[in-house]
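What follows is a set of structures to go through.
Look for subunit A in each of the two complexes below; its partner is subunit B in the first and subunit C in the second.
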Partner chain A sequence: MAAAATAAEQGLRVALIDSGRQLGGQYFRHPAPGLNAPWIAHLHHGWSRFERLATRVETSHRIAVLFERQVWAIEPGFNVLTDRGPIAARNVILATGSYERVVPFPGWDLPGVFTAGGAQALLKGNLVLPGRRVVVAGTGPLLLPVAAGLSVAGANVLGLFEANRVRGYAKHPVPLLKNPAKFLEGVDFARQLLRARVPLRSGRMVVEAQGTDNLEAVVIAHSDGSNRRRIECDALAIGYGLAPQIDLGLTLGCENKLLSDGTVALRVDRSQRTSIRGCYAVGETAGIAGVECSLVEGEIAGLAVAGASPGGPLTPRRDRLRGFADVLRTQHPVPAAWRDHLTPDTLICRCEEVPARAVAEAVEDLGATDARTVKLLTRAGMGWCQGRVCGYAVACLARRDPAEPASAADLLAAAKRPLARPVRLSVLTELDQRNK
Partner chain B sequence: MVVIGAGMVGAACAYYLARAGLSVTVVDRGSVSGGTSGAGEGNLLLSDKERGPELDLALRSHQLWRDLNDEGLGPDFEYEAKGGLVVAFAETDFAALQTFAATQRDAGVVTEEVTADRLSEFEPHLAPGLAGGFWYPQDAQVMPALAAARLLRASGAEVRLGTAVTGLQFSDGTVRGVRTTLGEIPAQHVVNAAGLWSGEIAELAGSTLPTQPRRGFVLVTEPLPPLIRHKVYSAAYVSDVSSSDAALQSSAVVEGTPSGPVLIGASRERVGLDRTPSYDALGRLAAQAAELFPFLERVDVQRYYCGFRPYLPDHLPAIGPDPRLSGFFHASGHEGAGIGLAPATGELIAALVAGEKTAVDAEPFNPARFASPQPQEEQR
Partner chain C sequence: MSVQFTFDGRPLTAESGQTVGAALLAAGVQSWRTTRFGGRPRGLFCGIGVCFDCLVTVNGEPNVRACLTPIADGDAVTTQAGDGRG
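Up next, the complex of A and B:
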């Protein structure tokens, strides 16, 4: 929205394409008109900012908002290929956000196990709680608002378990002090949770989910498996951070960079330009950095695409927020010990139902030395989600030696999807018609 | 004995060489099935081959694949003797197909004419209005990456992956071993099964193997119930396979898989090793697939992949001794038929290494045909 509004204000004609039905995306996700709940105001931070942005978009006669359109690829030059036909454009701004990173553990495919963001989306978009007694776990700053939101909406949040120790932040005082608002936001969430008597624990992870037909309990432990503790619950919201959704940019040929948390982002310059002329990347696509940074980068790209220079406070503000994001990243890696808790039966790829045993066989016996070959020999990552869920795990498991981190090539492979979305075959046949 | 290349052809060479009692080491600079073997459909076709040496090799391979299946390896790599159906859109195509099939039958291929009214007995969802077709019960399919990996494992060969060959050791015109990024491996015989990179390996011996890549895309649909029973393609595919044109050629080969998705191949382009997506090629494949099976229009394509077939100018593989260096053999350039032709290639190499009589005539595949002067490729 920020990029579209800014570019339109500079006089450009803009097509704003979104797969959803309304403005707001993931962060400003809100229920369809008519759905309401007394606690809804507490779910959103900075709602007035969304309203201002939405007004800028909706009142502009230069912006065509195209909802419920899925972009499955972008041709150079550019031709934006959507599920309802191609759209020609001189410039493209990628603001495709992120998807959640998860790692497998025994029982993670039980009903009742949600991703942290999935639980939040259910709440924000449908006003539905994932369960009554909920455990929130994983790593990263997203866990705080998720737990706070669930609590406000009436769930009994039995604990927030952050896998990493939080004391590492003390080593990075400068970015923290430069971003007091971000820091205080975290403290504010924590205070909210303490008031609601939600236990906050760090250095603990979910090593198992238990239940027969549905989730009945989770087992929390230190990463080495010690101090196991069983907590009965009917929902688990778990996430190990976010990964940039950059498949469109990668297929187009944009250069990328590997970040310290093992995610891959598009490489951009000071004006948000990617290595492909006319293609820009903003927000999470340039590396996970949160909503503030996304909005600023949207403004910067909106100006740059119109040939205006993003003067004033925009660039220093972006740099400051990026500095903070880089610190956050170092503090919330996926604990390498996740591999130790797998059993041979634990599913790695849920779409294709590939167990850990099959992945181990491919790596140890059949000669798979990289993630691509693991995929070829086991089908892991070939299903509906195209490896969004298991890609990171497979990149790690492709290493025979668990002590070795996933290779850059395999992490990149996990981010690549030549078709960003499944596409109806008739949409492809229409492409053939244009050549006749 | 060293085999360079852990793809399908290298695996088959290792398998038959080991079975002949040789001690085999397989080296590859990457993973197993890292090149063409990991990017194809796993076609084991007789139907698309005209009478000649390649068909002889394919017929022998057909028998060997069945033997491997009988030995119990088949289920490990999804061997399916599903049969192929070649269809003609127009009467003239059908007439050409009839002539083509008659010559194949003389060479030993089992084939049966299917009149237009009987096509739906074979494929109930086929488009109406086709002129007719031919049924090839011997056509089969394997999951190619698994086939290479399983055969390699079954060979018992020592496998060194992530090991690139940097040079050949030789003296007195005889090979003595290979130099790799991870040390030297002495050997009395070396087999070049490096596929797309076999030209570079040949150069290490001062020889010429003009292997070139020919790009192809394969569309993969969402998992479906078994709606397509056989391997189905149009008669135009046969002429595409033998063409040397650089421009895009495409004729859809459509087939179901045991795991559910329908595979739609096979475009052919000579564009070097360029992986840039060609939406024209994808569109053409989709349109041709829908011409054969109209219901596919309403199906989601989940992904596609791109691969490169190693081809030689005369469209025949190079199988046999290097003309310059004694003890050095080539097994490469199978283009899009490498999976199908791999077992017979491995068997041929094993026989040539042992100095025994070969199951098929090896002379047409002799790599010496590329010794200078290099033949000019015909222009069309």
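Up next, the complex of A and C:
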């Protein structure tokens, strides 16, 4: 939105393509008109900013907003292929956001287990709670607003369990002091939770979800499995951080970089340019950094694409926010111990229903040493989601020695897929006809 | 505004603007698909169209993502077994 509005104000014609049905992306997700609840105002910070931005987009006669269009690939030059036909463009700005990373644990396929962002999307977009008695767990800054949102909307949040110890922040005072507002936002959420008597615990993770056909309880423990505690609940919101959604950039051939948390992002220069001429990447696609940074980078790219120089406070602000994001990343790694809690029956790939046993066989008995071979031998990652859900886990499990981190090639393989979105065969045939 | 729909023939009510998945959850239904191999129940997981766990049959059309598709008045939603192609 920020990129589109800025570029249009610079005189360019812009097509803003979104697979959703409204402006706002993940952060500013809001219910359809007509849906309302008394606590709705508490779900969003900075709503007026969104309204100002939406006005800039909606009142511009240079922007065509195209909703409910999935871009499944971009050809060089650029031909943007959507499920409703191609769109030619001289430049493209990739702002495809992120998706949540979750690592497998026994019972994670039970209905009632949601990703943390999924629980938030359900609430923000539909005003529906994932359950009455909810546990929030995993790692990362997203857990705080999720727990606070659920609590304010009337769920009984039985606890927020952060897998990492949060003391490490003290080691990085500079980025924290340069971003007091971001830091205080977290403190504010924590205060809100304490007021609502939601227990906050760090150094604990969900090691098991229990139930027959629905979630009935989760087991929380230290990462070494000690201090097990069972909590009865009907929903679990879990997330181990976000991963950039960059398939469109990768198939175009944009250079990428591996970040300290094992996610892969597009490499950009100071003006948000990727290595492919005319292709820009902003926000989460250039590395997870939060909504604030996405907005600033959108402005920068919107100026750069029009040949204007992003002077003033924009670039220093971006650098400051990126610095903060880098600290967050180091503080919230996926705890390596997740592997220790798997049972042979735990599904690794939810789509193809591939259990941990099959992955272990591929690595230990059949000699697979990389994620691609594991995939070919077990079908893990070949289902509908194309490895978005299990890709990280498979990359880790392809290492026989649990102490070794996943290889860069395997993490990249997990991020790369030829089609960004599933496409109907008829669309592909049509394209084939045109190209003949 | 409320809309009327059915789930496996059972009449239910939702708010207009909600997704099929949200409407089902609000009505107390947590799962609406059984997996192809294990026959295991599934419902919403990622909530944003990424995981494809929430596939369901709507008005006879299988493999609809419940987390993205808005519910419409008169929709007949049915549990999807496997890939929904019978």
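Note that in this section the second predicted complex is superposed on the first by the 434 of 436 C-alpha atoms of A that agree within 3 Å, B and C clash if a C-alpha of one lies under 4 Å from a C-alpha of the other, contacts with A are read in each partner's own complex, and residues count from 1 in each chain.
The working rule: a contact is a pair of C-beta atoms (placed from the backbone, for glycine too) under 8 Å apart; a residue touches a chain by one contact, two chains touch by 3 or more.
In this text the structure is predicted, and so the values were computed from the model without any measurement.
Quick one: is A:Asp213 in contact with subunit B, with subunit C, with both, or with neither? Answer first, second, both or neither.
Second partner only.
In the superposed arrangement, which partner chain does A:Cys254 touch: subunit B (first), subunit C (second), both, or neither?
In the superposed model, A:Cys254 contacts neither subunit B nor subunit C.
Tell me which partner A:Leu366 touches in the superposition: subunit B (first), subunit C (second), both or neither.
Only subunit B; A:Leu366 stays clear of subunit C.
For A:Ala2, is the partner it touches subunit B (first), subunit C (second), both, or none of the two (neither)?
Touch status of A:Ala2: no partner.
Report for A:Ala32: first if it touches subunit B alone, second if subunit C alone, otherwise both or neither.
In the superposition, A:Ala32 contacts subunit C only.
Touch test for A:Leu377: subunit B only (first), subunit C only (second), both, or neither?
Touch status of A:Leu377: first partner only.
Does the superposition put A:Leu419 against subunit B (first), subunit C (second), both, or neither?
A:Leu419 sits against subunit B, while subunit C stays out of touch.
Considering only the touch criterion stated at the top, classify A:Ala395 as touching first (subunit B), second (subunit C), both, or neither.
In the superposition, A:Ala395 touches no partner, neither subunit B nor subunit C.
Tell me the contact category for A:Glu75 with respect to subunit B and subunit C: first, second, both or neither.
After superposition on chain A, A:Glu75 lies in contact with subunit B alone.
Looking at subunit A, which of its residues have contacts with both subunit B and subunit C?
383-384
Would you tell me which residues of subunit A are touching subunit C in their complex?
19, 21, 26, 31-35, 99-100, 109-115, 117-122, 125-128, 130, 213-214, 350-351, 353, 383-385, 388-389
Going by the contact rule at the top, pick out the subunit A residues touching subunit B in the complex.
73, 75, 81, 251, 253, 352, 362, 365-370, 372-373, 376-377, 379, 382-384, 386, 417-419, 422-426, 428-435
Going by the contact rule at the top, pick out the subunit B residues touching subunit A in the complex.
It comes out as residues 6, 30-34, 38, 145-146, 149-150, 152-153, 159, 161-162, 219-223, 259, 261, 276-277, 279-280, 282-287, 289-290, 296-306.
For subunit C, which residues count as touching subunit A in their complex?
1, 15-19, 21-22, 25-26, 30-31, 35-38, 40-53, 55, 67, 70
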